[in-house]
Structures are given as structure tokens and as C-alpha cells.
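Mind looking over this structure? Questions follow.
Labels for the chains are A, B, C and D, by order of writing; each one numbers its residues from 1.
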Amino acid sequence: MDNVSLKVSNLRTHFLTRRGIVKAVDGVDFELRRGECLCLVGESGCGKTVTALSILRLFDSPPGKIVGGQISYDGLDLAKCSLRQLRQIRGKDIAIVFQEAQSALNPVLTIGDQIIEQIKLHLPLDYSMARDRTISLLSEMGIPSAKRVLSYYPHQLSGGMKQRVLIAMSLSCDPQILIADEPTTAVDVTIKAQILDIFHELKASRQLSTIFITHDLAVVAEIGDRAVIMYGGKDVETAPVSEIINNPKHPYTSGLIECLPDVSKTADRLASIPGTTPNPIEMPKGCAFHPRCPKAMKICKQQEPPEIITSKEHKVSCHLYT
Amino acid sequence: MKRLTIFLTLSLILIVLTAGCAKGEIKEEDDGTSIRDTFIQGVSGGDAETLNWILAADASSFGYAGHTLDSLATYDNQLNIQLRCLAKDVEVSPDGLVYTIPIRDDLKWSDDSPVTAEDYVYTLKNLMFSDWLNYTYKSNWQEEVDGKTVFVTPEALNATTFTITRQTVDPEFVYNIYDLIPYPKYIATKYEDDVEAFTQAPEFNNLTYTGNLGPYRFKEWARNDRFVVERNPEYYLGKDVGAPYFTQYIIKLFGTSATRQAALEAGDITYTGIEPEQVNEFRNLPNVKVYTVPTSGYWLLAYNQRANGWEGLKDKTIRQALSMAISKQMISQAILLGFADPAFSFIPQTSPWYTDEGLVKYGIEPLYDKKKAAEILYQKGYGVKKDDGTIKVTNKDGTPLHLVLVVSTGDKPSEDTIFLVRKELVELGIEVEIKLRPWETLLRQYVMNKVPGTDQEPRYNNGPEAVSQESWDIILMGFGTDLLQPSGSEVFFTTEGGLNYMGYSNPEVDALFKRAKSKEALDKEVRQQIYAEMSRLLSEDQPVDFLVFRRNNLGFQKNVMGIEPGIRIFYNYHLWYFEPAE
Amino acid sequence: MGKSWLRGYITKRLIYAVIIAWGILTVTFILVRVGPTSPADRYLANIAAGGHDVTQAVAAIEARYGVDKPILVQYADYMGNLFQGNWGWSFSTSMPVTELIKTHWIYSFQLILLSSLFAAFLGILIGIYSAVKQYTKADYTFTFFSFVGISIPNFWLGIMLILIFSVKLGLFKTYYDTTLPLFSIDNLKALVLPVITLGTGMLAGYVRYTRSAMLDNLRKAFVTTARAKGLPERTVIGKHVFRNALLPLITIIMFDLGSIVFGGAYLTEIIFGIPGLGQVSFNAIFANDYPVVIAVTLIGTFIVLLVNLITDITYTYLDPRIRYD
Amino acid sequence: MTERLRDIVRRISRPPSNSTRLINYYWQRTRRNKLAIFGLTFIIFLVLLAVVGPFFTLDPTLVDFENKNLPPVGFTIEQSVYNTETDDFITTKVSGTWNHPLGTDSKGRDMLAMLISGARVSMLVGLIATGIAIILGTIIGVLSAYLGGWVDNVLMRLTDIMMTFPFFILLVLIVFIFGPSLVIIVLAIGLTGWTGTARLLRSEALSLRTREFITAAKAMGASDNRVIFRHLIPNVISLIIVIATLAIPGVILAEAALSFIGLGDPTVPSWGIILEAGQNSLRTAWWVAVEPGIMIFLTVLAFNFLGDGLRDAFDPKSNI
């Protein structure tokens, strides 16, 4: 299994709140292969961000807790290893880029401070070397006059710049795995394109395995190798991106694809999946998607669908295929 | 000066010190070892104002300066005269008008120049009698001649003798002389006629001139914190005996009496006053000795005999009846926990002029009798008889009698007392309203008076027509009597008296006070008779209800030796010493 | 980045401060002189007891204090003297006002400094701990006791402390000894109880504020970023969260510094007999010693203004987002 | 109280509506805070006590020197009276009785009755002084924000001056100069304590002023008064409630502190006055000072608990 860089199996992360247990992630399986870009796709609240946070155990605890499953990386189970071990992996082996660059950067520390801090933590470099490295990283990310930017505070940068800074920060220690949590959500279209360009370049220039979290199938189509579709805290379909786009098996995946605005078709309105995302405390019995599913059957209300392997690279959890 | 000070709360705590020494009381000690340690006196209630004592009007200031400057003479516990700066006692001419004052020849200012009679005369003439300085107590040195107020005439005879000549006889004037303290002429002349410069003169504010005039020398005065004097090795009275025996004497200020007493218990200070509630506890402490001493301060209920008081109070029978209803015993026991003696006139038992004979003792058995009091009031028309034979005191028209009792705030025991008085009067059927007022408000609104409709400046006694701004019936107050010169109390009890705010007038009393200051009173026997008659008259007349003379409790660390407990416990304090540690 | 705009800002603020101070001076001046009280008040009894003409003697004393002239003349005189650096003569303590303040400020200063340090240091530590351990037993305990600390009247606490630690246990002197050298262990020891008395309320307040400020920031995205870098928790809390929580805390700590001199510190000074500025000012009020009253009011005002200014300038360094132009 | 207010302004913002449903909603949120409920219960208890208590207790002004300094039930102390003749003490053991469950003071007045009538005074002082401060602050703040221009300028400079004035000095100065009567004390606290509220409400009102519903009201031709009183004030009311709740304990403490330094109104026995009278006999009659001290402490604690709970309830960010 040398070509698998990270394997998540049956991950279950729950949150204990006053109103009840929120099963944000409730049995997710996937593997990240070396050098690939794996997309976690789903509507907000489906558990994709929590899944990403669970890999490095970055959710707030309490109330969050990994109640089951394994996260295998480099012979370690990240779900159970000590925080000490995990800290050596955070930022060094596995780095993460958050969605809102605006709030992900500490407002009262300079850009330089925030990046150099990480480099010095993980790499045996002194301050000036760390600084040089930061400058070259920032330049690499297409930040003009990177040297000056070191002494800037986040509020002095534009949103796109901040996102680049975040990416630079995450790459600062040459990680094996990069987790990008909706890096394109909070920015406008032009910046979105620029950021996607960066990811393209990264893919080309570095042997980087990426988990890319998004709700936007268009983005998935553009940069993803494989995709995991998530719904209600579970992975419902896993397949190469081309399979997902062209041959979606799960009704939810199909729904998502139908929602894609297709420039070739002239639609009066954007399609959307009827209904709302389920209440995370009281998940519907059986298949969580059944209340919204156009093809729902009786069994869907009673039994959780099993995982069906339809082809070598394609898994789906749906009663339609049993 | 006359020590006729109305006493404020703080003077209950602060003992005005006048240094003194008894001849022949030399302690057998090798002085090298006997001079040790620091005596710390704890006070709460406020700091002194100035060490430039001639400007002061508060007791603390005189107390502070008194450690460095002796007066001409002082008194011991038996009120015998103890010479200080005097070489011999003051000599009074047979006609009672000329006082010859011989001072010691070994008194020195700090520059080693001798203190001369001229310094005393200068102090009187150029400072105390001057217009520019406005000495607060100048009337001690004034007399009425042909309706005019004039100063007495001081004159230096030679370096160590001066005379003071009066035009009228005052047998008790000599006590003013005993209290006299000089200012150094050679310094004071620099500041003459400039009150601002005099006020701020560094020599006077730092007591740098005091030479050998007192047992201690000024060292430091940290405002609101402590006043420190150090042993004066050249003290004229101590030279022979090595006194005083404390290296330093400190007056330490505390914010509350609770912390002050706690400091004594903890051994942090040497001496402080003890509140009545704490006395028993402190007496049982192993490290503390508590002395209970009489005072010359008394409480009284002033009856308003002016136009804005209840009309009944003008009648002495009514006043007697009210006094008959108020138990002095109860005040002494319940409020002062026994630390008080009933008062019947203004002269305390500790005074040489006290005579028990003839005193009418209202307020104790048998003249503490509410029934009889009610009966008297009823007979005077102030009351109705109920069916059961009991009498309810009312106004003459049968409406409820309403009296206003006023007391100043801040002193808890006197506040308690007014409540007790109310209780007693309520039992007679009188409605009583208590008004607690801050001291200044009480003085301005209730005590000071003026004739209505005129633009008179309010005074304490603006004549019989004058009334105070607010009406009142009874005020509880503390007065003090000078044990040696009770005639000073004329300000309270004579018709013209400057502090006769209750509007009392009795020609007989006026005449007696006049006689006390006349030539015939030079004869002590006669004066004794005069005071006996005065006491009797006032105790019967009840211009005020004399309540109690208080006793003070002074707590010392047990190792302080040489204390002679008594009314003038501090008179020989320069001979006190600490018991050597074993 | 440059802070060149700061100088202009400070100048502007200083000018403003002078105007405010002048306003307060004038208000105080009028207040103390239109009131019915007079410096002669406490002599009234003594004067009368001496059988003197009260009116004449009161006039003499008022002349000595200079309060007999028309108020405008007094005001002009006072302002004139002030411009020459003459703050007047304190009649109730017989020394120049400047001397008086010079000899007493240090006692207030050390008390307030130590209390603030004590309260800020412990308060922030406990507050951080409480926030990090939110909803644990320790958090509830600290929260409860911080409420207790806020609610306990400090003069009351002081008396209790003296009774227990000085009288019953004999661990400390019952009063503050001014003869101790300023920088000595004994002096520190003498200040233990006063500092606890004055500091407890502040401490409790800082616990509450630190906790809530930390909680406000603990859940922010940049904290997760910091953790994602692999930073140890100590750095995450101490550097990333705390730097952000510091701003509201500084406001409160500085505000306390400005307001406590003539508030809580005064009561503490009374109880422990510390002759600080608080005692000086309130004794002056009770003695109608006007020059001192005005001077201490002005000092209080300047402390507040200065503290505000320092706070605002500190902000610009703590929070780079703030600019005042 | 200003430091508190700054904290509040940082934390409070609220939905622009004040229906009963909203009150209910906030009540539900407050109810979850046990300490706040304790505080509220205690305050209600205290108010009831202050209102009806005096009908059930002895007359708090009734002096009885036979029964002075009685300890509370369950305690026994020794009392001694000096005998001038023998220079000795007559000591008696005194135990608390159910006639005076909390003991008596040095005048023999019933402590329970005094504490209850003291509750009345202290609560009134707290409520009225806070009321004055809040109303004044609200008026000044809202006027300042709403009218703007020179009115704003003048009012804010006045606020600046008042804020810079050392608060306690000003308070003591006023009370000393005009005499320590309850009216003066209440007025002095009220008239000096409005600045924080004014500042806060001004900034709140400023931010509200630009919101749509105010603009809408103005567009519909509502008068200035109507806009202020029907729209602005109701919208800052929750802020005012929190400020008031947190200001009351400050006032109670200020009154106690004034009493402690001898500037309380001696004719009206508030807790502060009772405490002050008792603090010098702490060693012989501790209960006289301890009991009002505890009452002050508990009351202040209760208001702090409640105020804190209310603040959290009104804070949409807090997760309760």
C-alpha cells in the first residue's frame, strides 16, 4: 500500500452539545493516494470540514470527540496517537489551508511572524534562513514585494493576498499532505481562478497529496483526481472525478451535478436539490438522504444502505444498487 | 489659655499633653541603660494642623508642640502646681492686679541665646495682642474696663522677670499665665506684620527654635501618619536625672479606633485610648495595663429657653421635672458601661472647688421619679389624667407634646444617649423627634442665633431676643470645665455668656460669676463658697440637665513604668521609662 | 510601518487634556466655594468656648485662607499663582501643597502599583486557566470566587484581614510602617495585607474579563490555524489567543489604574494607616483645605487623562488595525 | 462602572424587536444560568422582605437598653459593666434569644428589624440613584446621537469632563459640602454616574440610527420624539437593563463606602450606616457589623450574578 499516503476508515467524530449529540462525521472511509488531489464534496453541514479537521484533530474538544475509526498515516493512527506526536505532524507533514483567509490569520501578528514561527518550529533553520525561505515562498505564491509583506499585518492585505499567504504558510515546511478547506469559497471569481491556478502549479511542481474540500463540483472537475461525495456525515459515493461527473451512481451525486450551471444549456433557472440538509442531531432513520431522494424506496427509510463496489474505483452507498 | 473646650470626639482620644516633672521624684537608675526605645502613642481622629501653635485652634496642634515646649507651669494629679519654666510661683500683688512672673535663668533657644522675660512680653504684646495675627484665644488676655475690651499690660522687669498688670481683679487669671509659652523674639520679628510669611515660617513650622525648652525635640512630622520627636538631652528638667528616658516619642495616626486598639493588643504601639466596650478585654490582656481616669468633660441636655423652644422650658419647674425623668444611672451603665459619674452641676468631683453639700441631685434616686415628674407637669397644666390615674403629658390644650432633640453625629455613645433620653421622655407621653446633624450643621442651624428680621451676624448668643434658624427643644452636647478655674464656665451660664445659646438667664447666677472674678474672691474660702452656691443654684435651676462626667480609659503596654494614674496622668511623662527586659 | 501620525495625535490629545483639566479645575473651584462650608467651621466651637466674637474670628480665619475676597478675585489669584507653579499653602497641614503631594504620592503609588501587578498577574493567569478549562469544576470554582471577590466591600475585607492576620495570628503589623525603606522585604511584607485588600476586587474583575476575552478569541479561526501549524498549546494560548484578548484587558486595567487612586485605594489607606494621596485629599476635603482639594482633583484628572492617552497609544502597538487620524 | 460598560458594548447586540416572545426568549436564556436565577431569587426575596418585612418584625427604631448588644441566637457572650466604686467589673453572660434572632445593637434595637428596614433604604438608594443615572445617561446619549451637531459636541464634552473627574472625590466633595442626607447622597451618585451609560447609548443609538427600521419610521413621517421613544429606546432597552443591573451593586457599595468614611445619612439606617456604627465594636459585638456586611455582600453578589446572566442572555454570541 505504498502508494496510499493517508487512509481514513470508519471515522466517527461526534459533538456533545446541550441539545444532543451531533454526529458530524459518522463513518467516513477514504484513502488519499500519493500525489493525487482528492476532493471531499458536499453541501455545508455534511461533515466534510469536520472530516478534514478530524485528520489533525483540530476541532474544538470539548465538545468534539473522535468516537471511532482510524486515520492511518505513516504507520500512525492519528485518531489515537498522543497530541505530542500529532503536533509534530501538524504543519510539518500534513498542512491545512482554511477557507476564510480573513479570520484564519492572526490579526495582531505580522505575516512574517506567523509564517516564520511555523518554519522555526519544524525545520532546523535559524531566523534569517527561515525569513529567506518565507520570502521565496511568498514570491512563489505570486505575492509582489514579498519582503515588505513580511512586516504587514493581515488587515493590510487584500483577500486574495491573504489566501496566498495562507497557502504559502501551509507549504512552508514541505508537507506530504495538504488539506485545503474550501479555499475558493470566500473569494471572488477572479481570485478563485488565481488560487486554482496555484493549486494546478503545485500539483505540477511538487509531489503533494491534496485533500480539497469544496461544495463546488465545477472546481472538482477542474482540479480533482478523485472525489468523495459526503452526505449527513457519511461518504455516499467515491470515484474518480470523471466517473462522478459522467456516471454518478448516487441520487445525491446526480442531484449535485444537475445543479451545476451548464453554459452549454440555456436553463431558465438553476436546478437545486429539493429539501434541506438534515438536522445533525436527529438524522433520518435509514438512509439519511431518503427524505429528499427522488428515488427513495421503502427500505431506504428503514435500513442504512450498505457500501456497494460497482467497479474497481467506484463505491456507492445506496439501496438502488443492492 | 482657658481649657474650656467643647469636646469633639477626637479630644476624647487625644490627650492634650503638658509636660511636667515632680521635684524629688528622681528615679534611681544609671542613665546609660535607662534611655531606650520608642514610645508610640496611637491616636485616631485626625492630624494636627500646624506646629506653629499660636495659629492653631485644634487640640492636637497644641499637643504636638507641647512635647518640645514647656509652659510656665502645670499641675499634678492632685492639681498641685508644678513649676516648669517658672523659677518660683507667680506672685500676685495684694490688690490682685499685678502679677510678677520669675522665669528660670537656664532656658535657652536653639541658638543658645537665653530665653528672657522679653520673649514672653513680645509673644504677648506683638503676637497674641496684635491685629495682624488674629490670635484665636486673645480674649484670655482681655478684660472689660468701662465697657471697653482692653488687653492686659505685660512688661519686662529684667532678663528673668516680667509683670502683667490688670485693671480689674480676676482671681483665676493666673492660670492663663501658667499656660503661657513664648515665641523667640529674635526669629519672630522677621515675620512681624506679615501673616502669610509668619504662617509659612520654616522655623516655626519645624520647631527648630525650641532649645532646651521641652523634653523632646522635633524630628519629623509625616502628615496623616506620624509625628516624631526625639529625646532632648539638654532638657532643663532632665539634665540632673537623665530624663527623658525614651529615645523617641511618636504620635502615630490611625484611620479607625478599631485598628488603633488592635495595634495596642498586638504590641505595635505603646499607648492608646480604649473604648468602654473593650476595657474589660484589654484589662485581661497579659501585655496591657488599662488606667481608668476621670475627666472634666460632661454631657448635658441644653433646654431651649428661647422663643423657638417649647414654652414650658422657660419654667424651671418644668425643666426640673424633665431632668427628673431622665436617669443618669442608666446613661452611665447602659451607654458608657459604667465609665461615668453622674453630674449635677458643671464642677466635677475631681475639682478642688467641688462641694457636694446642697446639690440638688436630679436624675438619680430619689429625684429620678417619672411619676413625680408627670405629676409636676400635670400640675403646671401640661398633661391629662387618664382613667387609671396615670398622667399623660401633653400641651396645655391637650394636644400631644412634641419635643425636638438634636445631637451631632459621629460620636456613637452620644447618639445612643439621645435615644435613651427619647425613651425616657416617651414614657412620660411626650412625642420625641430626634435630629442627628453633622457638627457644623448643628452649630450653624441650631446653636447660632440672631434676632429675627435683622441682618445680625449669627452668634452663639445674640441676646435674649435671638433665635436659631431651626427650632429645637433639647440639644445633647459635651462641655468641659477647667478644674482649676471653673469661672470660665460663665460663657455658658451667664445671661451675656458667649456660649449661652440656650438663652438661660438668672441674675443670681450672673452675680455669682461676677463675684468669682472680684477682689473678694481672692480669698479662697470665699471663692469656695461662691462656687458651692453657684453649683447649688445651677443644680436646682437646671438651665441644662447635667448628665454625666465621663471617665477615660488609657491602655499602656505593661512595661511602661513611672505612670501615676490620675486626672493628669501625663504630667510627669518625661520620667516614664520602659522596664528593662529580663 | 511608521507611526508619524502619532506625534500630531498626542499633541492634540495633550491640548485637549489641558482644556478638560481647566474645566475640572473651574468646576471644583466653584463647587468648594459656593457650598455652605467654610474653613473656619471646625474652629467654631473652640472660638466660642474661648468666649470670642465668632464673627470676627471666622473673618480672621477666612482672611488667612484667602476666602474672604470675591470669588472672581480668588479665581484670578489662584490661576495666576498656578501659572507660576505655585499651588498654594495647605492650611490644614501647614506646608506647601506641592511639598505635601511630593511626600505622599509614593505611598499611593507603591500600593496601587503592587496591587495592580498582583491583581493583573494572578487575575490573568486564573482567567486564562478558567477559559481554557471552560465548564470544568475548576472554572466554576474560579468563576464563583471571582463573583465573591467583586462583591465583597474592600474596606470590610481589610478590617477582617487585620483582625485575623495581625491581631489573632500576629503575622503582620497592624498598621503600615512608613519608616521602612522603600525597597526592602519588610516594606513588601507590610504591604501584603493592603495589597490583598485593594487587589482582591481588581483581581476578581480581571479573572472575569480575562476569561471572557479569552473565550471570545479561543474559538476564532486563527487559533485553529495556529494549532494546525503544530504549535504547542502553550504558544497557541499564550501568544495567539492572549495577544488578541489583551486589548480589552488593557482597557480595564488602565481604567482601574486611573480611577482607583482616589477610590478603593483611599479606603485601604484609611484602614491600614497608609498616608497616601487618597488620605491627603479626603482629609483636605473634610478640612475645607481648598488648595489641596483642587490640587488633588487636578492630579486625579491628569492621571485619568494620561492613562487614557497611554492606553490609546498602547492600542496602536497591540492592535495594528487601530489608527487615530 | 464604566469598565463593565465597555465590556457590555463589546458583547451586546440584539434583534431589533421587542415582542413578548422576545422577552420570553431572553427569559429562557437567562433561566439556564443557575447563578443568575439564584441572584434573581435573592433579589426578589429581598424586595419582598423590604416591602412586607417591616410588618412582621419589631420596630427597628425601638430602643431597649436592657437588651443591648444581644448576640444572635445560639451565641453567648460576656458583657461587663464597670463599677466606679470597686474599680471592677460586673460581668454577666448573655445569650441570644428568639425575640431577637439576629441579636441587637448598642441601643438594643432588633438587628433583624434593622436589617430589613436597612434593605429598604439600601435598595431604594440603589434603585433611585441608578435610575437617575440611567435615565440621565439615556437621555443625554440618545439626544446626542440623534440630534448630532453642536448638541452632540457639547454633551459629549460634558461627558468627557464628568468622566475624567475623579469619581469618588467628586462624590465625597458633593456630599461633604451639601451635607450627608440621603437625598444628597442619592442625587450625588445619580448625577455623577451617568457618563458611561451616555457614552454607550450614544454609540448604540448611532449604529441603530442608520438601520432600516428607523429610516423607515422617519420616511413614514414619524416625529423625532416618536422615533426616539417608540423606536430607539425600545431597541436599547435590553442594554439599559443590563447596565442597570450591574450598576446597582456599585451604588450600594458606594453608599456603604460613604457611610464607612462618616458621610452616610445617620438618620436613615442603611446597611452601610449600621455597619459603620458596628465596626468599632467588632470585637465585643461582631454581629452588628458582620450582619450588614453579609447583607451588602450577598445583595451585591446577587445583582452581579443576575446582571452577568442577563448580559449573557442578551448576547447573541453566547452559547447558552
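The working rule: contacts are C-beta pairs under 8 Å (C-beta built on N, C-alpha and C of every residue); 3 or more make two chains touch, one makes a residue touch a chain.
Just so it is clear, the model here is predicted, and its values are computed rather than measured.
Asker: Which chain's mean C-alpha position is the greatest distance from chain C's?
Answerer: Computed centres place A farthest from chain C.
Asker: Across all chain pairs, which one has the most C-beta contacts?
Answerer: Ranked by C-beta contact count, first place goes to B-C.
Asker: For which chain is the distance between its Cα centroid and the global protein Cα centroid smallest?
Answerer: When every chain is reduced to its C-alpha mean, the one closest to the whole-protein mean is C.
Asker: Where the centres are mean C-alpha positions, what is the separation of chain B from chain D, in Å?
Answerer: The mean C-alpha positions of chain B and chain D differ by 44 Å.
Asker: With chain centres taken as the means of their Cα atoms, state the distance from chain A to chain C in Å.
Answerer: 53
Asker: Suppose each chain is reduced to the average of its Cα coordinates; what separation in Å results between chain A and chain B?
Answerer: 92
Asker: Among the residues of chain D, which are close enough to touch at least two other chains?
Answerer: 179, 279, 282-283
Asker: Name the residues of chain A that each touch 2 or more other chains.
Answerer: Nothing qualifies.
Asker: Residues of chain C that contact two or more other chains, please.
Answerer: 36-37, 159, 163, 270, in rising order.
Asker: For the complex, give me every residue of chain A touching chain C.
Answerer: Touch residues, chain A against chain C: 53, 56, 58, 60, 62, 83, 87-92, 95-96, 98, 100, 103-109, 117-118, 121-122, 151, 153, 155-156, 166, 169-170.
Asker: Taking the complex as given, what residues does chain D use to touch chain B?
Answerer: 63-66, 68, 78, 80-84, 87, 89-91, 106-107, 179-180, 262, 266-267, 277, 279-285
Asker: Under the touch definition given earlier, write down the residues of chain B that touch chain C in their complex.
Answerer: Spelled out, the residues of chain B in touch with chain C are 1-2, 4-6, 8, 46-47, 49-52, 55, 57-58, 134, 136-140, 195-196, 199-200, 205, 222-226, 252-256, 258-259, 262-263, 265-266, 268, 439-440, 443-444, 448, 457-460, 488, 491, 497-499.
Asker: Under the touch definition given earlier, write down the residues of chain C that touch chain A in their complex.
Answerer: Checking each residue of chain C against chain A gives 1, 135, 219-222, 224-233, 239-240, 243-244, 318-321.
Asker: Could you list, by residue number, the parts of chain C that touch chain B in their complex?
Answerer: These residues of chain C touch chain B: 36-37, 41-55, 57, 60-61, 63-64, 89, 91-96, 100, 103-104, 159, 162-163, 166-167, 170, 173-175, 178, 269-273, 275, 279-280, 283, 287.
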